[in-house]
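Letters A, B and C mark the chains as written, and numbering starts fresh at 1 in each.
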Amino acid sequence: MQDFGEAFRLAVSLVLSGDADLVEIVALSLKVSLTAIGLACVIGLPLGAIVAITRFPGRNAVLILFNALMGLPPVVVGLIVYLHLSRAGPLGFLGLLYTPTAMIIAQTILITPIVMALSRQVLEDLNAEYAEQFRSLVLSRWQQVRALIWDARFSLMTVALAGFGRAVAEVGAVMIVGGNIDHLTRVMTTAIALETSKGDLSLALALGMVLMVIALGVNAMVQSLRMTAVRHAYA
Amino acid sequence: MTFKTRILATTAIVAGIAASGGVAQEQSILVQSTTSTANSGLYDHLLPIFTQESGIAVNVVAVGTGQAIKNAANCDGDVLLVHAKAAEEKFVADGYGVERFDLMYNDFVIVGPDEDPAGVTGMKDAQASLEKIAASGAVFASRGDDSGTHKKEMSLWAATSVDPASGSGAWYRETGSGMGATLNVAVGMDAYAMTDRATWISFENKSDFEIHVEGDEDLFNQYGVILVNPAKCENVNAEAGQTFVDWVISDAGQAAIASYDLNGQQLFFPNAD
Amino acid sequence: MPMRDVALNTVMTGNGADGTALPMVPDIRAVTTSDLCLTIGDKPLIRDVSLSLSPDGITMIMGPNGAGKSLLLRLIHGLLPPSSGGVLWGGQTLSDDLRRAQSMVFQKPVVLRRSVAANVEFALKARGVRDAARRDALLDHVGLLDHARQPARLLSGGEQQRLSLARALATAPKVMLMDEPTASLDPASVLKIEEIVLEARANGTKIIFVTHDLGQAGRLADDIIFMNQGRLHEYGPSDLFLSRPETQAARDFLQGRIVA
């Protein structure tokens, strides 16, 4: 148990001293995972909305696929992206392997299904309320999608948060496609894995605590936004 | 790669995002490396010296030797720095590497809990100590990951009368993980394990573990360095990679390796020709 | 079930089912239905409704709960596809263009999670119009200009329904379909909404209005459709229907008895 006390002291001193390496990996973690969730929303929200407002043959199969893809193992996603981005792979010419861009791609693939599946549920509920009005106004599908996403924006923030949480916490994909290169692709989780493999459990745990505090901070921000929205009956 | 065809659907997304561009450094090389040189802190000591002299930044991907060689064969690196001589020579013979150079050595040791249930403390014969561990019923933690250390361990078992595979899951536990992770497992299970000395010295979760077996010639651990073949991989930064290889086997580089110590112990012993 | 529907069909309108008296330019405010049926599962909910409505004035659809009033309105507007039979507006089958000339107000106001002003802008933008002055005029018309910047879902029920009306009027509809828009509102709100509806009527908008409020029918209706159990029972001028209903069901309904 001494590891926890030691780790806590270490975490506090790392944060208070503004450790440059720590700041760097925290910043990269946030940059990679926030970009990934941004892209996942751009791709996943319209897809989730389309499925929410459309009835078509095989729709149930699509829903099952969405839900299954939510459980994609990060290592598998990492491997798939590695095989594509490797110099020996079809996209090797882009020279993206072992860059933050590769990590963003992997995490985007990992969390887009989460955004699709969860937003589909949220938007389908809202659509039940709006559908007749939209039909009466003769809106195009794209107009409906945009209106639903905009009106559900505060509920969808929770969806984005779930995706961000999975992205920022995963290690398997970014380890493979990022390579955990110091000062280039090292993020919180790969640093934690590295320190664990060095047997420096206190430092690993301290980094884990910092990661949890960051996750808490992001959650708190979103929650306070939501509270404002609820007061305005927008959520 | 038949796998590719199944995942072409993701390609479109990947290509779209790729437009945002990667992080490119003007003069930098990528080293596919074994973990021990990274985890022991050698690179933190060595690379800044090289970068200051050459102006070339060095990025390191530290994975098991097996994976490092595979990655380099996929052209995902400029320099290969690992410790599995036979595999390295095959890498060069297959045309993936330009030339292999001996770089440095250290040795493997067998570590275990200080009460030493198998009674191997002080033994000099690696094979005999492994046989004794197997016979005692004590637990042994193996990398099981095709790394340089794992290859070495398997070659030692091969010279004994024991087939560890028959005890797999029972007394013989293959972690399928890196050296540090395997040591963590060994400490957690009071198991014996074979590790390179550099990783052991720098490992910080030793608990009550100690070195029990060391000093056998068979435990010698040779590291090699290879420039990935630009004729095979046109993306290789051959000039900068060659500069790095030349430097680490030069007197200056060798001296820098020798000067790295942890807690007063030298971890790597340069032996380039 | 008395079968006087067919005769009543022709009471109010000159353009009968045979089409002999159709005007030269078809008035898309005039709806006719022929043998309209809606069956869900094996339940017939609307049965053989044939109607021809005047292109002017306020037509009210009345009847007890479960009569099929709201379903008939949705069939007419095209929100539901009929199981058989058809709906023609000015002789044309319902198309997106025709539906753009119509708008609908629902019993439970559909209020977007936006400001009051943005709710009206939404309907304007659906027709490609960006016009702040028009938006404000519409809000002023329904008495909500002072609330323009407020979150729409914080309005009272009556205010929300007036907002729905402003949104319905935003598209300058030739036909407005209203499904019990005042069913759960306070008298002051009902009065305001009725004023707005009468104004729309005066401006030439055809209004088809579902209600079960006899007083409201007396105040607003030019003619009345009486439905029971999915069937059309009567259609005629409102004063005639209210004073001298021809079917037993209608008499029971008007006198507050349970309708069999």
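The criterion applied here is as follows: a contact is a pair of C-beta atoms (placed from the backbone, for glycine too) under 8 Å apart; a residue touches a chain by one contact, two chains touch by 3 or more.
In this text the structure is predicted, and so the values were computed from the model without any measurement.
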Worksheet, complete the sentence: In contact with chain A and chain B alike are the chains none
Worksheet item: So which chain ends up in the middle if you average the CA atoms?
Response: A
Practice prompt. Compare the CA centroid of chain C with every other chain's and tell me the farthest one.
Written response: B
Worksheet entry | Inter-centroid spacing, chain B versus chain A (mean Cα positions, whole Å) | 32
Discussion item. I'd like to verify one number: the distance from the centre of chain A to the centre of chain C, where each centre is the average of its C-alpha atoms, in whole angstrom.
Written reply: 47
Discussion item. Centroid from C-alpha atoms only, then distance chain B to chain C, rounded to Å. What do you get?
Written reply: 79
Discussion item. Taking the touch rule as given, give the residues of chain A at its contact with chain C in the complex, in rising order.
Written reply: 129-130, 132-133, 135-139, 143, 147, 150-152, 232-235
Discussion item. Please output the residues of chain A touching chain B within their complex, sorted ascending.
Written reply: 39, 43, 80-81, 83-92, 94-102, 104-105, 108-109, 179-182, 184, 194, 196-201
Practice prompt. Spell out the part of chain B that touches chain A in their complex, as residue ranges.
Written response: 1, 3-4, 7-8, 10-11, 13-15, 17-18, 20-24, 30, 35, 39, 59-63, 71, 73-76, 177-181, 183-184, 202-206, 233, 235
Discussion item. Under the stated contact criterion, what part of chain C meets chain A in this complex?
Written reply: 74, 77-79, 96, 99-100, 102-104, 106, 110, 112-114, 122-123, 126, 151-154, 171
